[in-house]
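Common to both upcoming complexes is chain A, partnered first by chain B, then by chain C.
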Partner chain A sequence: MRDTEYNPLVYFIDGLVTLFNGMVVTWRNLWRPKVTVRYPYQRRPVPPRYRGLFYLKWNEEKQRLNCVGCTLCAQACPTDVISMVKLGKGTHAGVSEFTMDLGRCMFCNLCVEACPFDAIYMGPNYELASERRDASLFRIADLAQGGEEAVRKNIETIERLLAEEEKAKPAHAVHAAGGESE
Partner chain B sequence: MVINVGPQHPSTHGVLRLILTLDGEQIVACEPVIGYLHRGLEKMMERRPYRHNIPFTDRLDYLAALSNNLGICQCIERLGGVEVPERAQYIRVLLMELQRIASHLVFLGTFGTDLGATTMFLYAFREREMVLDLLEECTGARLTYNWVRVGGVPDDLPEGFGQKVLDFAKLFRQRIEEYDMLLTRNRIFRSRTQGVGVLPKETALAYGCSGPVARASGIPYDIRKVAPYEVYDRVEFDVPVFEDGDVWARYLVRMEELRQSLRIIEQVLRDMPDGPVQTKLPKIFKPPAGIAYSRVESPRGELSFMMVSDGSPNPVRVHIRAPSFVNLSVLPRLLEGAKVADLVAILGSIDVVLGEIDR
Partner chain C sequence: MIEAITQFFKQYPLLWTFVKAVVLASFTLVIPLAVIYVERKIAGFIQSRLGPLHVGPQGAFQTAADALKLLLKEDIVPEGADKRFFYLAPYIAFISTVLCFMVLPFAPGWVALEMNVAVLFIIGVSLFNVVSILMAGWSSNNKYSLLGGLRAVAQLLSYEIPMVLSVLAVVFYTGSLSLTGIIEYQVKHGWNIWHPPIMIAALIYFICALAEINRTPFDLPEAESELVSGFNTEYSGMRFAFFFASEFANNFFITAFAAALFFGGWDGPVLPPIVWTFLKVFVMIFVFMWVRWTPPRLRIDQILRFAWQLLVPISLANLLFAIALGVR
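Presenting the complex of A and B:
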């Protein structure tokens, strides 16, 4: 629809058509449903795959967090967000501390994909802004499903299992204690 | 007279400073100053294992993050000789075309606003929001998707995704007609774009322009056609080429690409086979020593990655050829002799993203 040479009359009529077309589009849009959301009062539904704040999965059956402290997620992280303190070893390993510095996090999902124990996931919470710098540091109680209570139960369960394992072990097998490690 | 445009200006999608030398209303010389967004991404990539680099590429061209993901993943796949399952290739093409629509809609919206058609911005961004909702449902993020992996895609499409995309395609075809009514047939818009910022074919070739900028100057160059990757050789689509090389032609190329993207999406959804979406790779990925080069057609042009491996887990050298960087280099030639009022039209029509220029 390239213009030819300048002709005032053609341009004038064209201008009127432009005006009319614009009005037609405006008229059509007048009757379409509103798409704006009044955010703090209204919220959009969040899709199930949404990548928001992390959580550590709580295993109700075993009464512990799924995390075994294998550091695979920390190794998969491009920006070294994750650090953790391992609790126990072998079949009953867990974590006593799990810290994520989300100030550096890109929410790239690589840690979630790296986890072979279904321990770490990304949830629907996206309101992570804060006025304090240290609020970007999320500790285990902030991340675990169930909060403080879950962390306490998690440590209790793992310590109990470790103690039971220690008791069940025959006296001469002490040297094999570190057998199944990462 | 010398004036500064930027570093903050709404029509650049980033921080670009232009030092303009003026003679009255005419622009005599223009010197783009870049680097305000420099993060040293290429160097950062050399310090990390191959697959850790994929999320960084989201931050290159942040309006088309998936194209960048695909570029780097193709490069690593070539380096390591990794096969991609067929279904994953189809999913990749589907996501790329959705991404192209989202990116071109940003162009349409901001370009319209630059030229005074403010309502265009609202309509284009409303439709872009629909694409972002689709991509969010599939990938979980709205801007930095990070949804291509070496050897496939991380997960299959969610249930009912194909139908939603088809519904969108049907609706979007009607909306393109409305854009045509608002902009293409607009007397003022046509007067402001036709014959403005003419880029001759020879200049475009000499500067190495690619993407819509090259195609508007009569160069039928589209990586999807000249060196097909993924399953682009199995889908039918046309590459719009215009001979005039002005702002108007660059706008028309992008409008036509929106339609062609819809065509590709419909074919991909029809032909998509079942099967796995990712190839299993070892935990520590060590490609053999060598050099790999890959190129993809991002919404802005030819985006390519080069990686050098010495057999260790980290790349030795990464180079990114960003289409916006090359396309921006032609801007001083375009602005010579242009009027100040046409500056935003010309700059907007090149559609640069500063994230990938500064890297």
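Presenting the complex of A and C:
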């Protein structure tokens, strides 16, 4: 309001009316349900496509992890989070070790998009903070669906399949392979 | 039981005075805990939050925990501060509040010092608060503190005038300067608030009280978004706690004073007098907080213009009105 047209009484009454309007608003708000989520005790439901902690998909039918150790995810990763140790080769390839250092991870989802075998996914767990420095390092047993047990079975299955394949091959092929390497 | 104790202490006047002083000082320290808790809850509710929840039932001990934290914190004195004044300021603020409580009757006979000029005394000692704020602002050696202190003085002195004039209307109406006298008049003749001149006086008092205790929309002395936190920017730890306690105790006091002047103090049916006092006080504190969380802060020139151009003339006219109606 400019000084020339300033009328204190009009100003005062106008102020009182607007103050009253505002107070009606705050009074209504006083009784509205609260929006606070009391986090450690209450949690918001996590959306299904939430980008939380990764997991390696367990294939119940084949009794192994879907991962074949192709390193496409590691190549797609902009921050070099993923490293793995490949187990076997050809049709019966898998991983014996799969390590992610989530201290560098920005949860960009590129590794999940890169995977052609539906092996790596992002889960709903977002509580990854820890007091230990090495807690950002997730090994295969932390990542695999089913944990320690699944990793053991995965390696077992793949080694069994590899052994069967080895047996099924004719003897000269083995010789030839051996000769090649000599 | 209480009778017996008071009877015992009254045999030793010095001891009795000491006991009263201790009780009042601790009351002035404890009541802010309750007021701050209520404030934080109401602030939370108005903003669709829950407020403090974890310490004690429904977070009731949160402010006590905060006060304890403040007491344990390092006492920082800025370089170049005027140390004597810097040390003294919070205690002057606190003492002015305790002195105000000294003459406040909570219930019949529940008054530390029965004074026949209690209203005058309260107006006098509550002005010490202005001194302490200016001391704090000046001695901090900080431009924000100084600005806050200067604003505080300008604002508090401006609003003191209409406030005193509206209190004076009550004094003329009831013919007493003693708070007990004013309340007893209301017990006999009904609450002052129902009389037209006092109604206007109560409205003016309410506005001025908001300004006196530095609450939004008149919280210029510690306008967070402009002056960091105003006159108490450089204060930390226990000294800050004293400023904070005195601010909220003042909040309690100014509403208790209003209850005594306009709403019949301890007067009320069924419930015991002390409960009525606290009920009225907390209803008014609620309204204060409700106002605090509603309008935004005004500018200093708007605030001063409002006081001098509107409140002072209205309260003067209202005073004449009250005298004309009240003097017998």
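Everything that follows uses one rule, which is that the second predicted complex is superposed on the first by the 163 of 182 C-alpha atoms of A that agree within 3 Å, B and C clash if a C-alpha of one lies under 4 Å from a C-alpha of the other, contacts with A are read in each partner's own complex, and residues count from 1 in each chain.
Basically, contacts are C-beta pairs under 8 Å (C-beta built on N, C-alpha and C of every residue); 3 or more make two chains touch, one makes a residue touch a chain.
Being a predicted model, the structure only gives us computed values, none of them experimental.
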Which of chain B and chain C A:Trp27 touches, first, second, both or neither: second
Which superposed partner A:Leu9 touches (first chain B, second chain C, both, neither): second
First, second, both or neither for A:Arg38, with chain B first and chain C second: second
Partner chain in contact with A:Gly147 - chain B first, chain C second, else both or neither: neither
Larger contact residue set on chain A - chain B or chain C: B
Chain B versus chain C as contact partner of A:Arg51, first or second or both or neither: first
Residues of chain A that lie at the interface with chain B and also at the interface with chain C: 11, 18, 22, 25-26, 29, 35
Chain A residues touching chain B - in the complex, by the definition given at the top: 1-3, 11, 14-15, 17-18, 21-22, 24-26, 28-29, 35, 47-51, 76-78, 106-110, 113, 122
Chain C-touching residues of chain A, taken from the complex the two chains share: 8-9, 11-12, 18-19, 22-23, 25-27, 29-36, 38
Chain A-facing residues of chain C, complex: 42, 44-50, 53, 290-291, 293-295, 305-306, 309-310
Chain B residues touching chain A - in the complex, by the definition given at the top: 48, 51-56, 58, 119, 123, 126, 129, 136-141, 144, 146, 149, 154-155, 158, 178, 181-182, 184-188, 190-191, 194, 244, 248
